[in-house]
Amino acid sequence: MPISLDDLRRQLAIANRILGNEGVIDAFGHASIRHPGNPNRYFLARSRSPLWVAPDDILEFDLDSESVRPLTVQPYGERVIHGEIYKARPDVNSVVHHHSGAVLPFCMTGVPLVPLFHLGATMGETVPFWDQRDDFGDTNLLVIKPEEGASLARALGKNWTVLMRRHGATVAGTTLQEAVFRSINGCVNAECQLRAMAIGTIGPLNAAEARDAGAFNLQPRPMARAWEYWTLRLGERANFPVRAKAAAKAPARKSKAAPRKRVKAAAKTRRR
Amino acid sequence: MPISLDDLRRQLAIANRILGNEGVIDAFGHASIRHPGNPNRYFLARSRSPLWVAPDDILEFDLDSESVRPLTVQPYGERVIHGEIYKARPDVNSVVHHHSGAVLPFCMTGVPLVPLFHLGATMGETVPFWDQRDDFGDTNLLVIKPEEGASLARALGKNWTVLMRRHGATVAGTTLQEAVFRSINGCVNAECQLRAMAIGTIGPLNAAEARDAGAFNLQPRPMARAWEYWTLRLGERANFPVRAKAAAKAPARKSKAAPRKRVKAAAKTRRR
Amino acid sequence: MPISLDDLRRQLAIANRILGNEGVIDAFGHASIRHPGNPNRYFLARSRSPLWVAPDDILEFDLDSESVRPLTVQPYGERVIHGEIYKARPDVNSVVHHHSGAVLPFCMTGVPLVPLFHLGATMGETVPFWDQRDDFGDTNLLVIKPEEGASLARALGKNWTVLMRRHGATVAGTTLQEAVFRSINGCVNAECQLRAMAIGTIGPLNAAEARDAGAFNLQPRPMARAWEYWTLRLGERANFPVRAKAAAKAPARKSKAAPRKRVKAAAKTRRR
Amino acid sequence: MPISLDDLRRQLAIANRILGNEGVIDAFGHASIRHPGNPNRYFLARSRSPLWVAPDDILEFDLDSESVRPLTVQPYGERVIHGEIYKARPDVNSVVHHHSGAVLPFCMTGVPLVPLFHLGATMGETVPFWDQRDDFGDTNLLVIKPEEGASLARALGKNWTVLMRRHGATVAGTTLQEAVFRSINGCVNAECQLRAMAIGTIGPLNAAEARDAGAFNLQPRPMARAWEYWTLRLGERANFPVRAKAAAKAPARKSKAAPRKRVKAAAKTRRR
């Protein structure tokens, strides 16, 4: 049975909030999902911080990043990042764009980001580097024109994470859960690489290890365990508007009833 | 319709608290706004930590940093930082002074702080460096005499952020929201520069990029998105005295009713 | 009077949550305890994040890491880490496996982790380094086959902490409390070593100091003081399902009634 | 009018909790105050983590660090640090001992800790370095024998902060508030020095600046502003047992009624 669009909006809202709560994204950045029934459409929130995105904030766009309905709210300026990657990569069903402090030092120096432990391998064996200056010269660094998004999609190529010089990172996934898992663990890898390079010479995973460890950790079981962890952390947040229904329907949640009840209790507390 | 002075006091209190909640300012530091109806006056809190500044704490000063009313409470010792910059720079309507741990390493070494990503560009293309020792020899490092404030204002020149050797930073803005946005994103840039320099050679934005990216991000839309983010984070804080009315009137808040209700709920919880 | 298995399950759940709350473990990692009445068995949670492990999640395994009862829930994939160490080391009664960001930089560079202060000495005088590649060539980095666990146990040897290249760390203890104490203080030592190496040349404890300081701090009194600290911090966490009974029965808690009441109050709040 | 001993116990409990809440002290470390009416006595908590010290936990010792009453609870093992400094320094009325992660890298390398900004100057112009090995050879690193405390007091000399090799720091003050202010700002200075040394060459305050800036910031006004900040932060902590009465009587709190009410509200919430 395919997922309903209502459930999809709720899942995307939760994914946005998880990325905010886990520190990948702050006031800026965004996450999208391709329409499961129409590969020429994708869903993305209106222009607001991911930490507070609600299901009602989710808008629908075509792959030229034009809204399919007349807009009454402001969309994100950089939505071509999503549309152009969906055009170039039929296997991609979710995109995350962020400016995490974990990856920015790599974006500011050009030092390659490499997989250094089993979970970090989920960001992909190779993380290419896109410098907007190469194609466009001096810009305001934003990715707003379709050709800018297309250039970024070319730099991503067949990989899953791309660094953007003096800007941030863009992460793709075959599913929403995968894109979130890859974004968070890519940031953990980046944090550790920063600290490791300060004390010695790094010894990265080789290609075979990166491929095998990446594939192992992107299986449903490890992803579900992490998704439960992130969802429960989100539910703990005081006054935080997680809806019980939304949390309960998160696809990765297959555990006992207890956590759901806790999230419900938290939601009730908030509403009072 | 011009803003009422009541609203202005509430906005300034919220700006103080945002700077405290986002970690730019701790027990010390302060933020001011120029009187919108009288360019020879400015508003600044009495001497207390920005995180707990309330509208009733806001005092009014002339540009010589003398209170326009008899004082019954203690003012900040370093208010000449504000008065002297307002004198020297008619285009400046808000000033923030802080000792964030993000900028102090630059103040302790003399290493230049430079714009390294699009949001960091909002601190200005050039961040000058003021060493109080040059004009005044050995001091207690505080900026208390009018001539000390004037010297700092000269070092700031036509720029928007100035580092103060062995002390901290001072940030100017054409509006209160701009000064807050520049302070917070300047600290993010500084944090990332610290980490980037530990792993490689930084590749800063060039002058054209810094100018264009700075101008783009200081437009009303990106600033409003960040202001909503910071205000909602503030409203989450347990027992935190954000007044619903004050939060609701923050100029950047143009979103749906839900967040306002949440802030109200938080305020009620606190009052109980 | 020996501890009941119900109490043991509660203690193990609390230990898991302490490790999660103190930042040693995030979505992954796990802690086990040997069966006090049968040295050929051990207890370990089902596959879920340690921060949310409850007494009912605890499963029982033999030393080949096979469940002693038919499984209706998913076990951890890497449980051979526990079983093989219990086989090789009859003096070990508890094992913790984690991927803390404090130790990963050592696992990524091969830089030795050494005891640098009195509490850090509790991780052991020597921290050996296991590179799975030496015995098994290219793998997915996980420790899932019995021979992988046995290889790790050989690398641990007679020591108490072992680093795992490109993976994390495994920590052993004569008691559950000791394994937790060693894990947390080992991470503090690692954090400080990272920062110390960035500013100068480290001057480690010599063997005699490490042995004496380690032994002193692993006495019941210092361990009980830390256990009370960690348990109370856990009880503070909003909506956090610490059961009053479980907290009250933690062996290290010998203090006055007040803290117990506080934990109870927190538990009540949560249940509402 | 001299302070009552009841008030003194409450102040000391609050000071302990502030040090815990601000991250200077974790499970270990302690703070003491000299008896205001009898210079041959001092007050120090029973052996528990500073974050949960309550007025009833405070014990009274003579300068040989013997309890003046029969003990029914366990005292701290390292109390000679306090007694021997009170013996050697009649001008010292409060002592804090901690193992903050901010100072440990200096204790592990021998790199000198120096005043680098105006608030850091409050730790004193010179921070001497004590290596227990010089006087006692191999030890367990703890300071338990009177002669160990006396050796540390000699190393402190006429200064206010002393680093202890492979152990931590000890901080003295003419008042409790001063010792807390110096401890916290000394840690801020240490944190910034760590980060500054990673990017360049530090340019410390000279002796005159350090003396003048230190003296300025240890005046009642700046210390009261910081004390209010730390006390309100403490009062925010969920389920945290700050007693309204104790908080209200903190000497530095001279602000309006609102904050006191907030602390009271927090205390009520907790008691429920």
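Read from first to last, the chains carry the letters A, B, C and D; within each, the first residue is number 1.
Operating definition for what follows: a residue touches a chain if its C-beta (ideal position, glycine included) is under 8 Å from a C-beta of that chain, and two chains touch if they have at least 3 such contacts.
Since the structure is predicted, the reported quantities are computational estimates derived from the model, not experimental observations.
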Please find the path from chain B to chain C through touching chains that uses the fewest steps, and give that number.
-> 2
Take chain A out and leave the rest in place: which chains still touch each other in groups?
-> one piece
Determine how many degrees of rotation, between 0 and 180 and to the nearest 5, align the Cα atoms of chain A with the equivalent atoms in chain B.
-> 90
Count the residue numbers both chain C and chain D use at their shared interface, divide by all numbers used there, and answer same if that is over half, different if under half.
-> different
Find the chain most remote from chain C, comparing centres computed as mean CA coordinates.
-> B
Between chain C and chain A, distance of the C-alpha-averaged centres to the nearest whole Å | 31
What are the residues of chain B that contact at least two other chains?
-> 193, 198, 238
Looking at which chains touch which, would you call it a line, ring, star, complete or other?
-> ring
All chain pairs satisfying the touch rule are A-B, A-C, B-D, C-D
Interfacial residue positions of chain D with respect to chain B in the complex | 116-119, 121, 188, 191-193, 195-196, 198-206, 208-209, 212-213, 215-216, 221-222, 225-226, 228-230, 232-233, 235-236, 238, 255, 258-259, 262, 265-266
For the complex, which residues does chain B have touching chain D?
-> 26-28, 47-49, 51-52, 54, 74, 77, 99, 101, 104-111, 138-142, 165-168, 193-194, 197-198, 237-241, 270-272
